[in-house]
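Consider the two complexes below, in which chain A is the common component and chain B and chain C are the respective partners.
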Partner chain A sequence: MSSHTDTMSMRDALFEAPGPRMRRNIRVGTAISLVLVAVALGLVVQRFYLTGQLAAKYWTFFGQASTWAFLGRGFLGTIQVALVAGVIALVLGLVLMLGRTSALRPVALVSRVVIDFFRGVPSLLLIYFFFLVVPQYGIKLSSFWMITLPVGLAASGVLAEVFRAGVNAVPRGQVEAAMSLGMSKHKITFKIVLPQAIRFVIPTLISQLVVVVKDTTVAYVVSYPDMLQNARVLITNYDALVSTYFVIAIIYILLNYLINKASVAVARKTGTKIISRTSTAAV
Partner chain B sequence: MATEETSIQLPVIELDHVNKHYGDLHVLRDVSLSVEKGEVVVVIGPSGSGKSTLCRTINRLETIDDGRILIEGRPLPEEGRDLAAVRAEIGMVFQSFNLFAHKSILDNVTMGPVEVLGRPRKEAEAEAMELLRRVGVAEQAQKVPAQLSGGQRQRVAIARSLAMHPKAMLFDEPTSALDPEMINEVLDVMVELARQGMTMVVVTHEMNFARRVSDRVVFMADGQIVEEGSPAEFFDHPQSQRARDFLDSIKGH
Partner chain C sequence: MGLSELLTTYGDVYLTALLTTWKMTAVSYVGAMVLALVVTVMRVSPIRPLRVVGDLYVQVFRNIPGVSLVIIIVYALPVLKVVLDYGPSVVIACVLLGSAFGSENFMSGINTIGVGQIEAARSLGMGFVQIQRQVVIPQALRSAVLPMTNLLIAVMLTTALGSQVPLSPNELTGAVSYINTRSTGGILAFAISALGYVLTAVVIGFVGNRIDKRVRIVR
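So, the complex of A and B:
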């Protein structure tokens, strides 16, 4: 094991470099934990086998193109909801943050209440609101909007706070320099503060997209055909609960893994310019 | 940089019995100061004496409690467009440079002319390049601030201020955040500006600069102007005990 690959850098920053005895302990510990993981996996497979979950009838339909086409449609549904909800959350989050930091007290207060409301209320409750309450007032929403709106609104509260953290991270000197040039408040916000604030929080924004993707799974409440809803149809048709959830879980994990990977890549790309400026006070 | 002569020469900057408190702390005590066109005034004093605060009140980065600040005879506006318009006419150079971290060096210099004065970008860029050449960092135009040394950043900051064609420039400890070997490259630019007749208020610890370049030295302690005079008078025959103590304390090495 090479001790100075870049995956080690974070550990190196937290702990001192291991000496010979520590290196031996690490090797022994690694071997033991590998054995334990193998045993645990074996037990899982054994349970699957003993309970008959490995029987062909639970798995063969995954060999059919129609199964994947059906799941694929669900996957597209999930992506559509997640993307539109994500855009709603971004735009509304930005607006709420601007409201929350407004010099006008009533605007700030209302924005704050809205942010805390969306942050505090479980998204499932918001979905029930759009599903059960809104239609009573004669507002007809498609199932797409009944899932997308509440998921987007719930995320907007969190994003507003994320944006605010970004704005607070912009050094005061940036604003002072802009003021000293005679820039208007409006221009300082949109040309100096926000572009930097957003760069600071891009990784967090993308991680929040993972939360949005996971929130979309409650789409079954409004019977919108997202991936999970379609999986439930497969389960009913083939009577294959464990195998279907197993496959679906892996797809969700892969999707969110990719999103996280993307966030790391973006962070690295925009990071170079920012890291050197947070480490020194002067720009 | 010759601007048209006004018939009556009003001081470019005038502070009239200015007071400021931070809570219980009286940071500016009845400060009066006037800076004539083309004059270079250096403000020195021990840390915590209020010299930076004084400098920052002139373009209202710090508010004042009472007294008056006049720019070319007109009271400094308290807010809004009018204040922004006055700020646009007074350059400011900060201790920590404060270049816009997300913009290229060139964009830092064109930001003011384009966004505040509404000048065409092409024209602003041509002039910005000329200014960057003047301060010796033209080759860095496409880089971002984080890629430059402290001395280079501060010279860019000066170019950014100059791009606004200011009537006066404020320097708030412009070399205090610099490594020693970079101080002179910044001071050289400032000396050149002074020679060309720029009106300057410079808060600094660089005594040689004060002695060589300034028309007047203002010595502050405990929020008050204790003494002011020509550099020769001040450095060779300080009147007050505070000034003598201060000069002794920095001469020791």
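So, the complex of A and C:
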């Protein structure tokens, strides 16, 4: 993903400066597409109207402070899971990356298998593992850890690859220079390579938070009170399914949009890039 | 439950589940690609409302959690008298999510080309269609191979959303939940499904890398 200004300039470069006839065509096209968009919007609103979903009783409770207080508690739950899972993923991701780049072949191999495993398995499957399989071995986890651990583990595989990309971005010459100065391997990694690598991937780490936030929405499987789970309670209380899911979806979209914006802003400020090729998580 | 017992009792469940995951992945991916192409054309068109709608579409479906999208399609749409079967609902969710990321991949593929090349082509007297066919699209497709490979894996992982609705037959994640609610399958029951995903992902990644190495433009 590159910056927005590039997108605009490239978009505009695709076309020549329009002549009089083209300008007219564009105007006509703009008018027609505006009508189409308006019709589409109208049809959606009509659907809501015909099925009675625009009725006041479905929307007025969003004017009450108690509704937002309850959703806010859920939101805090979501943030708690996302942050703790994020920390787990950061630490484990770093460890896995160090393992994968280790000179010890068995360590490197095991780390690689673990990384590929966490990247290649849907987080939902990991959640079912902690929800259905782990209790079979007599291990009792609270609902918080049942959702936080799998979300963190799923993200750690991706983060390991992100860190690796950061390490690869540190010029090889620096490592060689440090070696010729007689620095130990350990010292080179922790004093020269990692500090730069981590700075380089900070925007990517922020953008990966979106994936973590998305994964937390499965919390209702383990009945952890995150925002979606609290929304489900609201739905049974007010019998307002469509409006509640609608509002919740918008909140999630805005939250993730802001996280993405933040990562782009940090990337631009520090002159780094967001690495998108390591990510396979779209859920 | 041992491996042999698990396989004799639930072997066919796993096999159908694997095939179901593959089928849903393939259908969703094709749908996502087609939609991504349409959205991308909208986003680069000179017609402003289309651009805005395309951008908005991508922002919405890039940022909405898959679970909440599936829930909306499965539980909210019927209230609005739009009733879809469970299977198609999950596939539609995968297509919507996948196409947003696919369009982003196409856009960054276009962006790697550079304005200078377009200007050069134009100064050679090439028209719009010619520039698209001979300069933009071939390069955009080549540099999109690796992101699109990752997207295929992502779409496969997204089909796990099928476990959130009563799907019949189950896909791989749903199968684990199905088996574990009937008997204590233990780690093995989970590992078999996981292996189905991981091996498929490894094969997709391998093939994608091979294609990428062959067609990539080294800059």
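Basically, the second predicted complex is superposed on the first by the 235 of 283 C-alpha atoms of A that agree within 3 Å, B and C clash if a C-alpha of one lies under 4 Å from a C-alpha of the other, contacts with A are read in each partner's own complex, and residues count from 1 in each chain.
Please note the rule applied: contacts are C-beta pairs under 8 Å (C-beta built on N, C-alpha and C of every residue); 3 or more make two chains touch, one makes a residue touch a chain.
Every value quoted in this text rests on a predicted model; they were computed, and no experiment measured them.
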item	value
Superposition-derived comparison: chain B or chain C, residues of chain A touched	C
Which superposed partner A:A249 touches (first chain B, second chain C, both, neither)	second
Touched partner set for A:L14, first chain B, second chain C, both or neither	second
Partner chain(s) touched by A:R164 [first = chain B, second = chain C, both, neither]	neither
Partner chain(s) touched by A:I192 [first = chain B, second = chain C, both, neither]	first
Which of chain B and chain C A:R100 touches, first, second, both or neither	neither
Set intersection of chain A contacts, chain C complex versus chain B complex	276-277, 281-283
Chain A partner contacts - residues on chain B that touch it in the complex	59, 61, 81, 84-92, 94-102, 111-112, 115-116, 144-146, 150, 153, 157, 160-161, 164, 177
Interface residues, chain A side, partner chain B - complex	171, 173-174, 176-184, 187, 191-192, 195-196, 199, 272-274, 276-277, 281-283
Chain A-facing residues of chain C, complex	43-51, 53, 59-60, 62-69, 71-72, 75-76, 79-82, 97-98, 101, 104, 107-108, 110-111, 113-115, 118-119, 122, 128, 131-132, 136, 146-147, 150-151, 153-155, 157-158, 160-161, 163-164, 172-173, 176-177, 180-181, 184-187, 189-190, 193-194, 197-198, 200-202
Complex contacts: residues of chain A adjacent to chain C	1-2, 6-7, 9-11, 13-16, 18, 26, 29-30, 33-34, 37, 47-48, 50-51, 53, 116-117, 119-125, 128-129, 132-133, 136-137, 210, 213-215, 217-218, 228, 241-242, 245-246, 248-249, 252-257, 260, 276-283
